[in-house]
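A, B and C label the chains in the order they appear, each numbered from 1.
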């Protein structure tokens, strides 16, 4: 009898823990932006709403993986930020929900296009172009000129000074891969990457890590989104941002509501709130210098101007497609990854 | 006889309540929320099992219902051996029915395609199990145990039988089942269909097995890199650990206390912190690298990232473990053996190499294998220092979370890693079988260990002193790094990092925990505090069963319990995600999954410690208590547990500390609501916020030191009155428990 | 004071015990009368402790039934049997005071703390340890600990008290004293006791009945006197007291009675059951004496002699093998290699059926 009692106590105790706390007003957010920005969003949202926002930060790849793993029983309600490809892929996999925000008309064309391409399962919230940041101290010390074009990077001079993320784990690096393929053509792009490979010291896991390494002097040049490089400069590191002369690709940071979200109403509240000009204007407080998608939002003065950058006509539909992606990544693994330093 | 009836009534009532009253399936909002009560009992999402039969209609619950019914009928038949057999059968059948039903029916119907053909498609599926289902499972387990007791098994001891049944059920559910899911996951496509082609493709992937570096055509596969690293780490830590043990026992080294203290540090250090400190020291812009560049003009480069860096970090992290294993071995060599050798004209050099060293050999092999397994399982250091190529444990992580997102690949990699660690584990068990040369008998073994030969002493000092200097520097780095703005670039002193992590402000609503770290900090503390007592309880209960009871399958159970030591954390993490995200058991995203993960990960140490402590307790104490009319439970509570206090404390401290510092399994299991300190710090590191990361780590280390000191204080006061028995100091206990983790 | 006891009987019916492939007890049947002290005696590994532990409920028989006080307890756990046990190591709980130790069983039985401690104090008084209640076991001498263990078992008023080699941790002098105490207590209170020992002196001194066990089989059971004077086998003869076992022929003497012929010597025997033919004779060492060679004596040659104060121990080579003889005649020591004659006393010679 005593044993039965003990066992029961244990079980109820366990049940107390097991209960996932979906309090009446709560929302589970996967945030794929910089942790600072994520935390800022949580603070702002909870100030404006009586909803408990549970945030977990992940890279966009992780976030997509999480959604896929939970597909049959989602624990996440909304996925905010992170590069657009995985959002599109999730839309393609029908992991996310169709939703047209009343604010859609206020958005930049590229943000609306993102929504249309996905059948309104995702929407653009910010955008940023690919480029690199270099550590001025290191390049000066070694007497090197700043690289201005993609082709400069393969020069022997920069041997051991370049970092870029591994496209298998980072959306940024995949954007770079897809950009190069679109600029040069696939075979030439891989020849280029092979040449670049001899200069690359490390393929990092996280997309923005290369420029952070450059900022701290761990490497000379980090190939990243330009706004990440700007953020380093603003924080006082000796980093300068470069837009490649041949032209460059860009990302559309996106947001999607998870299909089967347990807190759907709250998710929509967050969705509309996050698209508003007022909220998007706060991004710079978190050292985030992306271009906001709301046309009325204030653009941070330090942000790289898309107008001054030679942008390619990035084919999101093609390079966001999972087959293309798998093929490119597979080739990268065979030809580049296996030869990495 | 009536106590037999009473306990059966208890199990029966529990089962009936589970089936007729409690909500059968998991509630979205949790049982304590109370909102479910509004639609109770006829809404299928909250209805009890009995109602589910007709509402859903959940005819798959029928076998379990029949089992419960037969228990009810048996209750009114006369007791005896025959009824015992029947009860045991009914309980066993009930459990089997629940397990089969749970695994067979998923959200959308049959989980197994074969069953659809056999029974036709289901109109409806089922959500994950809830309180009702779990309680009924428990009731069936108890019925099984009580039935066996009535049969007279194990001297008719219902408590012991119940405990065995429950421990076996828990281990099956939380160690075996996840591993099985992992194995199945390796053959599954993302939508759950069987797909053997990806398994073979993954298994034969050249990026795992390539021997390119040997033939000069590119890099080697991660499997070989991992094995190579583990071999080098195992060798290195064994040599260093032996030097330590020799210095500590056979020299007049002046800083022995410091030595012992330093060996505790890595246990309370989150695993990647050493990697971080190494970056601050030897990274390209690290303090030492910069200084070298200034003095010699030599650009240090990035040699640290990759195997060399990981190796150094592992040497720092795991040498203490080798030391813990070897100090016992070195102390275990009877001085009289060495004295005997000396009386036979052998000098110290010869004595060491012909007598002492051969006697240490099994211990050395043990230390090597422990280092090998630890290195294989290490996740934190490779994560921070890995460079372009990882090792198996990090590759598993990136296979799951990376853009490539391939759970099948993760499962295959996990199986490869598991195969390596298990081989090492088996090798260790085989090697140690009957090979302990411990020569101290405990009786009249006078004599003092002889001092080390001067040449050897020099060699040992040569290894130990640099290690100490190095370790002290690394920890100094952690302290310094947390109080300067950006180490190397801007060395102004600041408390900003601490303020950012742990600031507190007083607003109109009282105290506001404004620091970014508070959330994960409190979660970590809660979960560590919840899992520590459970770990200790389950570990010691298992130890009690293993040492004091003789039952069929005892050795298999012991092996299973020890096995989870050889399972790397990343493997556990992946397997838990695969096993517990879908019905019948859904726990991902809850605090419970973290608690359970810690309990079963840390339990081997509790079991080891418990076995060691209990083996020293005269068995006749238990028997005396039994013959004096106390039952096994009272005996355990009033006689065994009070005498095991030191073992309990060390199990508590160990599991508390490990819950705070572990990262490998946790990183898969944290969720928006329950984020742990270590995974939060890893996030900070990824974003290059080294200052805050290090400040947070330093705080964690302080907290753990404080907690250990507190335990020490409490236990120190409670040692047995006036008794000669010496209680092991709590601070050292977890460390030695760790060393005992492997059968010594 | 006395503790009121209700002595119970014990019955083993065809009990077997196997440990894996090893059979520890083969088919043991045994009956113990209420109020008697029965000793299980035998060399180590003979199964005596296993038998006791099965009775206590600490081991489970592989086959057969065990009854205590007429009730079948075979499937009952130890704590539900009305027996209590004194352990070889005493098994006093080191973390409890003496009083708590003695009160432990009473508390387990549901007695209030106060009542249990009163009874415990009475129990301690019974073994002469009143006033020691507050101490810890480690603060008592071995003999005192032993008495606490007895008191702890007795206060439960068990139907049967089990004692597992209770004296083996005491020194020789104390052992004699304590065994007398135990016997006296048992006779005074009249409880049933089962006592395990490997020491035949101890067994002879305390028992109403002795059960000698060998290799898992009951070799012989009987009163101490029966066992000593009428051993059923050479093993018993040698185990209960020492004996020289020599082959002999049972012959009918001229007066019509039976005698054992040993070489040229015929020794009168009293055993009624003896039959003519080959048999064995168990001769106690002190049943022989040395003299000069003469008819009616056995011819022998001294191999060794050791002076032990009150007697001399000889080894003598004879036609029937080496004989071990203790001779109280300490005045004359027979030198080694001297020729002697060995004579037999009347007592201390037993015929063993072949």
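Just so it is clear, a contact is a pair of C-beta atoms (placed from the backbone, for glycine too) under 8 Å apart; a residue touches a chain by one contact, two chains touch by 3 or more.
Chain by chain, the UniProt names read as follows: A = ABC transporter substrate-binding protein; B = Iron ABC transporter permease; C = ABC transporter ATP-binding protein.
Please read all numbers here as calculations on a predicted model, not as lab measurements.
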Next item on the list: Would you mind checking which chain's mean C-alpha position lies nearest the centre of all protein C-alpha atoms?
Entry: B
Item checked: Most heavily contacting chain pair (counted by C-beta pairs in contact) -> A-B
Margin query: So the centre of each chain is just the mean of its C-alpha atoms; given that, what is the distance between subunit A and subunit C in Å?
Written below: 87
Next item on the list: Could you tell me the distance, in whole angstrom, between the mean C-alpha positions of subunit A and subunit B?
Entry: 34
Next item on the list: Round to the nearest whole Å and give the separation of the Cα centres of subunit B and subunit C.
Entry: 53
Item checked: subunit A residues touching subunit B - in the complex, by the definition given at the top -> 1-5, 7-8, 11-12, 14-23, 28-30, 34-36, 39, 54-62, 64-66, 68-70, 72-73, 75-76, 86, 160, 166-171, 174, 200-203, 205-206, 208-209, 212-213, 215-219, 236-237, 262, 329, 333, 337-341
Next item on the list: Over in the complex, which subunit B residues touch subunit A? Could you list them?
Entry: 3, 6-7, 9-11, 14, 26-33, 106-108, 128, 131, 134-135, 138, 142, 158-159, 162, 166, 190, 206-207, 210, 212, 218-219, 279, 283-285, 301-302, 305, 387-389, 398, 400-405, 407, 486, 488-490, 516, 530, 577, 581-582, 586-592, 595, 633, 670-673, 675, 683-684, 686-690
Next item on the list: Spell out the residues on subunit C that touch subunit B in their complex, using ranges where they run on.
Entry: 53, 56-60, 74-81, 83-85, 87-89, 91-95, 104-105, 108-109, 136, 138-139, 152-153, 156, 162
Margin query: List the residues on subunit B that touch subunit C in their complex, please.
Written below: 81, 151-152, 154-157, 618, 620-621, 623-632, 634, 638-639, 642-643, 720-725
